[in-house]
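Both complexes shown next keep chain A, but they swap its partner, so chain B is in the first and chain C is in the second.
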Partner chain A sequence: MMSDRLRAFSGQIIAVGVALLLGAIIILLVGESPVRVLMTLLRGAFGDQEKIAGTLLQTTPILICGVAACIGLRGGMFNVGIEGQLFLGGFAAAWVGFTFSLPAGIHMLAALALAIVAGAAWVAIPAFFRARYNTNEVVSTILSNYIAVLLTSYFTIFLFKRPGGWSETPPILATAYLPEIFSFSRLNWGLVIGLLLAVGVALVFRYTSWGYGVTMVGSAPKFAEYGGVNVKRQGFVVLLLSGAVGGLAGGVETLGVHHRFMEGFAPGFGFDGLIAALLANGSPVATIVTALFFGALRSGSLLLEVDTSASREIITVIQALIILSVSAQVLIKRRGDSQAGERRWKF
Partner chain B sequence: MEILDKLINVALIAATLRTTAPILLVALGGSFTTKAGIFNIGLEGQMLAGAFFAVIGSIWTGSAFAGMACGVAAALAFALAFAVLVVTFRANEVVVGLALNILAGGMTISLMKAIFGTRGSIVGHGIVGLPKVQIPGAQALLGSWAPLVSGFTPIVYVAFIAVPLLVLFYNRTRLGLYIRVVGEKPEAAEALGISITRVRYIASLLCGLLAGLAGAHLSLGYITMFTENMSSGRGFMAVAILIFSNGDPLKVLAGCLLFGFADAFSLRLQTFGFPSYLVLTVPYVVALTALFALSYRARPKIIKETLASMQKLLSVDRNSSPVDKNPQ
Partner chain C sequence: MSNAPGSPTLHSTAAMAVELTGITKRFGTFIANDGIDLAVRQGEIHAIIGENGAGKTTLMNILFGLLQPDEGSIRLNGEATVVADPAAAIKAGLGMVHQHFKLVPSLSVADNVFLGMEIRRHGLIDHAAQIARTQELSKRFGLHVDATERVGLLSVGIEQRIEILKVLVRGARTIILDEPTAVLTPQESRELFQTLRSFVAEGMTVIFISHHLEEVMEVSDTVTVLRNGRKVATRQTSELSKDELVRMMVGREVSFDRRPRAALHGDIVLDVKDLWARDDRRLPAVRGASFAVRSGEVVGIAGVAGNGQTELAEVLSGLRPASHGEAWLKGQDLTTLSPAAIREAGLAHVPGDRMVRGVDRNASIAANTLMGRQHRAPWSHNGLLDWKAIAGNAGALIKSFDIRAQGAGDAVKRLSGGNIQKVVLAREFTNGADFLLVDQPTRGVDIGAQEAIHDEIMRQRAAGRAILLISVQLDELAALADRILVMFNGRIMGEVAGDDADEDRIGMMMAGVSPQLEPA
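Let's look at the complex of A and B:
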């Protein structure tokens, strides 16, 4: 058992290495030195305490989105709509933040609660059709992303624009802020929420019968059905929870970092979270590590744009290459397995 | 009424044909992989790569058609990567497809920055757009209806001609039949000695070919520029169409015309002062609605049985059974 895990882990590391090598070649192709890019990334991510706090700040939404993706993946559902849930959650939290005035603390919790509801509500329709009619959730959640982003832009610019501002809502009241941890950074308690969530979800999967049922549906749906799990209802609930956590990510981002909703406020965090979860093989605790990795890449890429001629999207390329080589590696091991048409991401 | 006249006219139909072409091409490309039993969510990335390299090729060679060839080559490279990972390594097709889409997005932006030093879009730089084909005699014969058949770029004609060709391909050629067998009954294909691997590779590459053409149409035909993520979900809409059409070319055409119309109509609505953000959601909403409304294949048993019995009652009048799915 342990050696299996160790082998999978070392395979994962090798795959990341291969991807970084390919990434280095691409960096050479765009006319930059890979060593310089790497050093700039490292300096941008861990250069001093502010940079490290910046890395953790970027890690927070990726981690929460990653946990959202993990919940889906464990239950055999690809929630590719985390990006959209993040945007709607972010807007919902901002709306509570600037519309109502409540006592400190309660205000923040109310905003986060509405963010969670917004995320879950947004995924409810794809989840319903997936559970009832087996409508492919990958496509429906991807398409709903585009609608969510445009819809929040519409809300922001046409309905709730800050007077005199451009494409942003009024600022939220200070009673709804997520408190900051250090004085020198916007790093806030959202990170703690993310860490607790990751550990909590991992514990639920490990120690509760519900969590066991979810994992069972994800890995062997027929077996789960014979074992008495209501597979359809479980799929619905899993997607709903995944969307709820996606919405929470948006709420945390709004209340902790921006303190208002802006058009395009958190681009790509949802996808980064999904990639982090895939790289972590659907394990919420391992997602902490992969989210930190991607957070560091993202934070380092900010300096990349300043100090080198490479664009910061080069890290997107590296992320994609990592996932591609990991997906190939997982299956090199299984090449001897049966030809049967099953092709599901294995855990 | 006057507003309706302004909204719906020959120009709108012509615009519909123009907006239908890219999504039709990419969806027809996807029909190869769908028929071969591969769920190809990577269409979006292939299309984007095609659009970007078509512009690059057009700038470097000064020829629109050489640019188109470059775009197709790039899309083929993505399709080949997809096939290697999915068919040979049997990696998860959703993961690979999504990763290739992300790769295409990041790569095009990075290369744009490296080559042109700009972000956002490539305009000018000597991009040569595809010529518009004027069909001789169209103006004389059809008068004001001429824009419906004449004045499109060649790729638009290719897209619409491809529909009947694909119908013939699936029903009348050996390769078409092989692709369908591999998709529907891989065991039967194996028993017949058909190489599943080879057929799936061919299907993936054919898909890349059409996706590349679709991309080239976006950046050289529809408008003459490249912008970040300019495929803007058309590849995903194509996948939605493929899911409910099961890759049948005629149904694909019907679905694509619906989206092309939604696209053209929403552009039209924008000029009438509707909030652009809401108008822009129209194609996606249409895609989702169609996907949900038509996901009947797995309707609950009771509805399916009721419909089946009703069909039986109705078909008593007819002589032949209406469905003959497997010609083999």
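Let's look at the complex of A and C:
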């Protein structure tokens, strides 16, 4: 059993190894020492308690977005629109935060609830076309990202702009804040939400009848159909839930970190989450580890330009290399497994 | 091998394009090809016919270098050749049109045809020359393809012609077509046959894989029949009648003993009335089937594969809509219900497409035994699964169905074909359904497992279940069925009692000849 699981992740481990190796070569090419870059990254990510908290702060949205992606992947749906759902969720939470005044706690929950609804509503459009007309959800969710990002920009700049210079909404009321965990960091209860969500989703997939059906839709759709699972409906539901969690990620980021919505408030977290989920083989619990990895890369990179001659962008390069090697690995693996393989080749 | 009269004479008349000698290919313990000899003369259309799993495609993949034989040798145009890979096959003048096309939808016809061997001029692709050459070939063989059109906009029939063109420009003199008519409409099939005739008129050789009798009778000069991985015979088509061909395909050598049984006259459980359905090409595949299955009765459906049996099973299990007609199961019309509701109404289904429909190969035995009952106690309570109960039950099923596995946690893909089928049976036969739809239960399964599966089906009969047994193996039907219905071209041609299953009569009906009306 354990060896099966290890084998399932061996490809991923190789993929990350290859990416890091190529990254090291690139660092050498720009005339910097890979060892020094690595040490700086580690120091930047885990050097002291503030740095660790900073890493966990970066990890939180990646983790929640990763769980969103896992939900989709489990049901055979590639939700590439998490970035857009995150932006709309973030805006929706901010709107509740600065428009209404409610008791502490309730205000926060109401803001998160609307963030969830916003994320689900946003993915409902591609999900509907997928269920009704079998359009490829990969393409439609990618495209919906651009609309979401620009739509929230429009809201921010033209409808709700805070008087003054920045492209941001008014601040939310303190009653809607996600409380911080430590005094020395902005790290907040969002991390706990993410961890509970990851474990909770894993349990739902493993221990509910519904989760079983969805898992089968993802891994053997014809078998699920034969067994009486409504494949189209579950695909729709799974995308909706995935979008809801994507929206939640935005809400958590707004209420926990920024306390307002601003243009470009959380760039790339949605995509990082998707990669973290792929790297975790679609397992929410393993996503905790991979999200931490990407969070550490992001937070460690802050020190990079201060202490070394390497640009912070080297981290983006390494991430891109990981994406390449992970997707190559996924494709190679799926080629043997014709059913899933054909589905993936149809892009 | 045994009954091939006249074969020596037909070997000597012309040079041989292809000679395969003693080809054997094993996959694990399964023998796909067992010492097959095949000789194809230059300039003939040579059909290779046999049921699904008879070894036709394996043999052709060996000839084309996609598989290497474990034993045996290949001679092409009289020369001993080792076909190491498809590139070597193409070099030797072979070409193969596969069942699944490999075309680039965004490219033009001509670009697809020349993909990988582009005509170049000053280092650039000479589109004009490619188009001209494609048009010329298309015209010469009556393929009617516009070389400039984009492949994504074309029908499946045209796509096949493009595959044929690809083979032609690569200089093939011997063309292998694997079930070419499976995706074609009857009109397109006739046009394809015209094309094949024009090939042989130019001295080329055609090898044509099929399981459709009419086609083989219509278009081929010579037929080789394969069954269970062995060659039955090679005959001149003109010397053959359709029902002789059927008998060679389904065979009568291996025969199971008829299972003893007590007469049971139960109530009607399944009542099918004038059922019609279309296949994936939107052509009628089931045409007005009417029959009933009683409790404690095994009703067999015989027929050459592809005569509507698959579609019938799919309609009864809710996986394909009926276009007309009714199918009543205990007071509910199945044609109006979803697959889940049909299961609820009392269907258990052993699907013919076991690996795709019957199991999730990557999941454990326990998870596979859960399908269809994940919402039912004792496996789940209030939507929560009880994995202990599920695994415990799977362990019990492994014992009672004699599934050779280490435990309920084993992934299904680690099991042999026969044991995978036992997992499916164990799940379906224990879910309390009154009607069992059993499709090709022993296809690709070893003899020992076949016996066990047959025993299980008879136990279900004794328990009063109504069983519809679809099989292309006549001996299986003769061993198990109380009545045998013969399907041909979507219709039920007639019925014979199981205990006097006369192979000649069944064979005639399978070939599409109506039986004389006899008093029942």
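The rule is simple: the second predicted complex is superposed on the first by the 318 of 347 C-alpha atoms of A that agree within 3 Å, B and C clash if a C-alpha of one lies under 4 Å from a C-alpha of the other, contacts with A are read in each partner's own complex, and residues count from 1 in each chain.
The rule is simple: contacts are C-beta pairs under 8 Å (C-beta built on N, C-alpha and C of every residue); 3 or more make two chains touch, one makes a residue touch a chain.
Computed from a predicted model, the values in this text were never measured in an experiment.
Of the two partner chains, chain C is the only one that A:K222 touches; chain B does not reach it.
Legend: residue contacts after superposition of the two complexes on their common chain; A:W210 is shown touching chain C, with no touch to chain B. Once the two complexes are overlaid on the shared chain, A:S309 sits against chain B while remaining clear of chain C. Applying the stated contact rule after C-alpha superposition, one finds that A:Q319 touches chain B and leaves chain C untouched. By the document's definition of touching, neither partner reaches A:S185: not chain B, not chain C.
In the superposition on chain A, A:N230 makes contact with chain C only, while chain B stays out of contact range. In the superposed pair of complexes, A:T175 makes contact with neither chain B nor chain C. The partner that reaches more residues of chain A, of the two candidates chain B and chain C, is B. For the contact definition in use here, the residues of chain A common to its chain B contact set and its chain C contact set are 339.
Contact residues of chain A toward chain B in the complex are 26, 29-32, 78, 80, 125, 129, 132-136, 138-140, 142-144, 146-147, 150-151, 153-154, 157-158, 271, 274-275, 278, 309-311, 313-317, 319-321, 323-324, 327-328, 330-332, 334-335, 339, 341, 343-345.
Of all residues in chain C, those touching chain A in their complex are 317, 319, 338-344, 349, 351, 353, 356-363, 367, 370-372, 374-375, 380, 383-385, 387, 409, 411. Residue ranges of chain B in contact with chain A, taken from their complex: 37, 39, 41, 81, 85-86, 89-96, 98-100, 102-103, 105-107, 109-114, 117, 119, 186, 190, 232-233, 236-237, 239-240, 243, 275, 277-278, 280-281, 284-285, 287-288, 291-292, 295-300.
Contacts from chain A toward chain C in the complex involve residues 1, 4, 206-213, 216, 219-220, 222-230, 337, 339.
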